[in-house]
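Structure, as structure tokens:
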Amino acid sequence: MDWDWGYAVDSLPLLAEGMLVTLELTLAGSLLAYLLGLVFAVIRQLRIPGLSQIVFLIVEFIRSTPLLIQVFAFFYLLQPAIGVKLSPFLTGVIALGVHYATYTSEVYRAGIDAVPKGQWEAATALSLPRGRVWTGIILPQAVPRVLPALGNYTISMFKETPLLLAIGVVDVLNRAKEAGAETFRVIEPYTLAGVFFLLVSYPASILVRKLERRVGTV
Amino acid sequence: MSDNLGRIISTLLEGVPVTIQATLGGIALTIVLAFVAGLALLSKSRTVRFISRVYVEGFRGTSEVVQLFWLYFVLPALVGLQIVPLFAGVLVLGLNHGAYGAEIVRGAVQSVPRAQFEGAVALSLGPMQRMTRVILPQAVVEMLPPFNNLFIQLLKSTALLFFISAQEITQKGEELRPALPMNDLTVIYTVELVLYLLLAIAITVGMRALERMGARRLGRRPPPRRKTFAAADAGGI
Amino acid sequence: MSEPYSSPSADVMIQFDRVVKKFGDHVVLRELNFSVKPGEFVTLIGPSGSGKTTILRLLMTLEQVDGGTIQVCGDYLSHMQRGGRFVPADERYLRARRKRIGMVFQQFNLFPNMNVLQNVTEAPVRSLGLSKADAAERARDLLDMVGLSDKVQAHPMRLSGGQQQRVAIARALAMRPQVLLLDEVTSALDPELVAGVLSVLKEIARTTDITFLCVTHEMQFARDVSDRVMMFDKGQVIEDAPPEQLFTQPAHERTRSFLHAVIDRSG
């Protein structure tokens, strides 16, 4: 079987629809991961007896176990549990967001730890309210430094989205599979899918490296 | 508790050997490729560096799931050779994580102080001896913590072998799902995740032991007993 | 390179001929000439940044010259002859030359992945091809000489700086070098450990015919042990004399002010 340019070009519109879905998944999943990860990190930093430890255990458990099984678990368990219909897309976003929040929480934690202790002490000395210490002093110093690491996790997530095929999300890989099933030609669609990931992730990782040079890393 | 707990556990346990085989096979291939490609990234030859860079960026840049589909579904169509699922899985796990490992090896070798290289030159050790006798023994110790993360990442990736029906834990669980009532699903997924967690802890315990050994050999204070809880880090995968 | 600048002579161990070394735009050595006779102990003194350490690093081939030539035992260090032409030296050529030259570093540079004995036997086994037993015997004798016979199996990182430096001296001597380069070997040591290292070096200088090139700030040591002292400034030798003369009647104003500053500092 040889590469067929004509067929490759013909399958592009279908694949492009999937690419769009893949990008949307990554975007939505990342936003959730960024927010939830921050929540995890702050809860752990606050050292609330019981709660901080539980969050720690949940984070360690989720990040030590496969995303695919978590996807299945969310897909088959979450819907009945909350009684609301969840599309595969939304389930995918939640699974990606929660899984990656465990990574981003570590990133935030490192960022928060990197803020000098004197900053906390100065804020205390000025008797600033606790919320203001976080929003006005700690996070503005911690967040810029964690941006490159967050960017890297978004790129990782992007490359993991195709496993949502398992619950029927119609992403680029699913479209490639569809195209292959129709025509019994698999080389072109799967190869194009791979090229798509490379074409997005490689430039993105170069951008992240540039950002790293500008703001430093934690 | 579910009445089917025994059945769930025994079925999922049937998948453990394949998961372990895929993990160990993948780790072995990862180590080989990481060293070959990582040292190639430090080569004096532009061509060698370029080839290695293409491998590293190629496998890091394209999705692991897509790589698995490509190897399992496309390659047979290209060369007319169907690969055994487990073998295909080990190949993809090794090729993918080897690309990440190459950067670990490169970074660790570069982290060995230049003074060590100069000490070896002053004793007129040759380039090969400098690398194998002086630089690598020290660099390997630096590699252990990031390799621990990488191996756990690889273990988690073995679940992707579900897509090619390799009969590992995830596959066993999905086969079991339709046969059991909804109430049992929580049990299935919990047992599955706990199995992976235990395997991840096993990897971490092993790697920590190696870290302590390495630190002793280099005359450093052994690393503190950190949480033995698996400390996976996607590290840009 | 077309012609060698000067012909090698049997009575010269080290010969620098119009050596130029630059780091970027910064010229460290400008057309430097000097020679050292076999068995001579030559100390290089001068302000930091005057290029003393660079000279040792060039001799150890850790740096390459940007101009001129260096000869050791009549062999060119940076270039080799191939088919009657001078070409840049390759690794094999350099390795053979390096075997004649040993170096002791400011920061010791012991290998942390080996114990004391292995540090000393490594190069004789791997580079000279000695049997492990012969190398171990040689190493034990040397470790005995530097007063560390009880530390043979110790890990280098468990030793004091002075002990580490004495291991490094034994390690360099195990190669039976004709030339030994000493690069500020006591600068990283606590003051109370300096004397032990220096007395070991004095003993070696007295009992062997090794040629020494030494960079140090220990003026008393330089005075006691040197056959010749060279004062360096801005990549040039500005004074070259026997120690008694240089330390008591320096001819050059720059030398005088340098010695004043150093001796004032060390009290």
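Labels A, B and C are assigned to the chains in the order they are written; within every chain, residues are numbered from 1.
Here is the rule we go by: a residue touches a chain if its C-beta (ideal position, glycine included) is under 8 Å from a C-beta of that chain, and two chains touch if they have at least 3 such contacts.
Just so it is clear, the model here is predicted, and its values are computed rather than measured.
If each chain is drawn as a node and touching chains are joined, the picture is a simple open line. Taking the mean of each chain's C-alpha atoms, the chain closest to the overall C-alpha centroid is B.
Distance between chain centres (mean CA atoms), subunit A to subunit B: 21 Å.
Taking each chain's centre as the mean of its C-alpha atoms, subunit A lies 56 Å from subunit C. A straight line joining the Cα centres of subunit B and subunit C is 46 Å long.
Along subunit C, no residue makes contact with two or more other chains.
Against subunit B, the residues of subunit A that register as touching in their complex are 1, 60-61, 63-70, 72-73, 76-77, 80, 100, 103, 106, 152-153, 155-156, 158-163, 165-166, 173, 176-177, 180, 186-187, 190-191, 193-195, 197-198, 201-202, 205.
Subunit B meets subunit C in the complex at residues 115-116, 118-127, 129, 133-134, 137-138, 217-220.
Residues 57-58, 60-67, 69-70, 73-74, 77-78, 152, 156-160, 162-163, 170, 173-174, 177, 182, 185-186, 189, 192-193, 196-197, 200-201, 227, 229-237 of subunit B are the ones that touch subunit A when the two sit in their complex. Of all residues in subunit C, those touching subunit B in their complex are 60-62, 91, 95, 98-99, 101-103, 105, 107, 109-113, 122-123, 126-127, 155-158, 171-172, 175.
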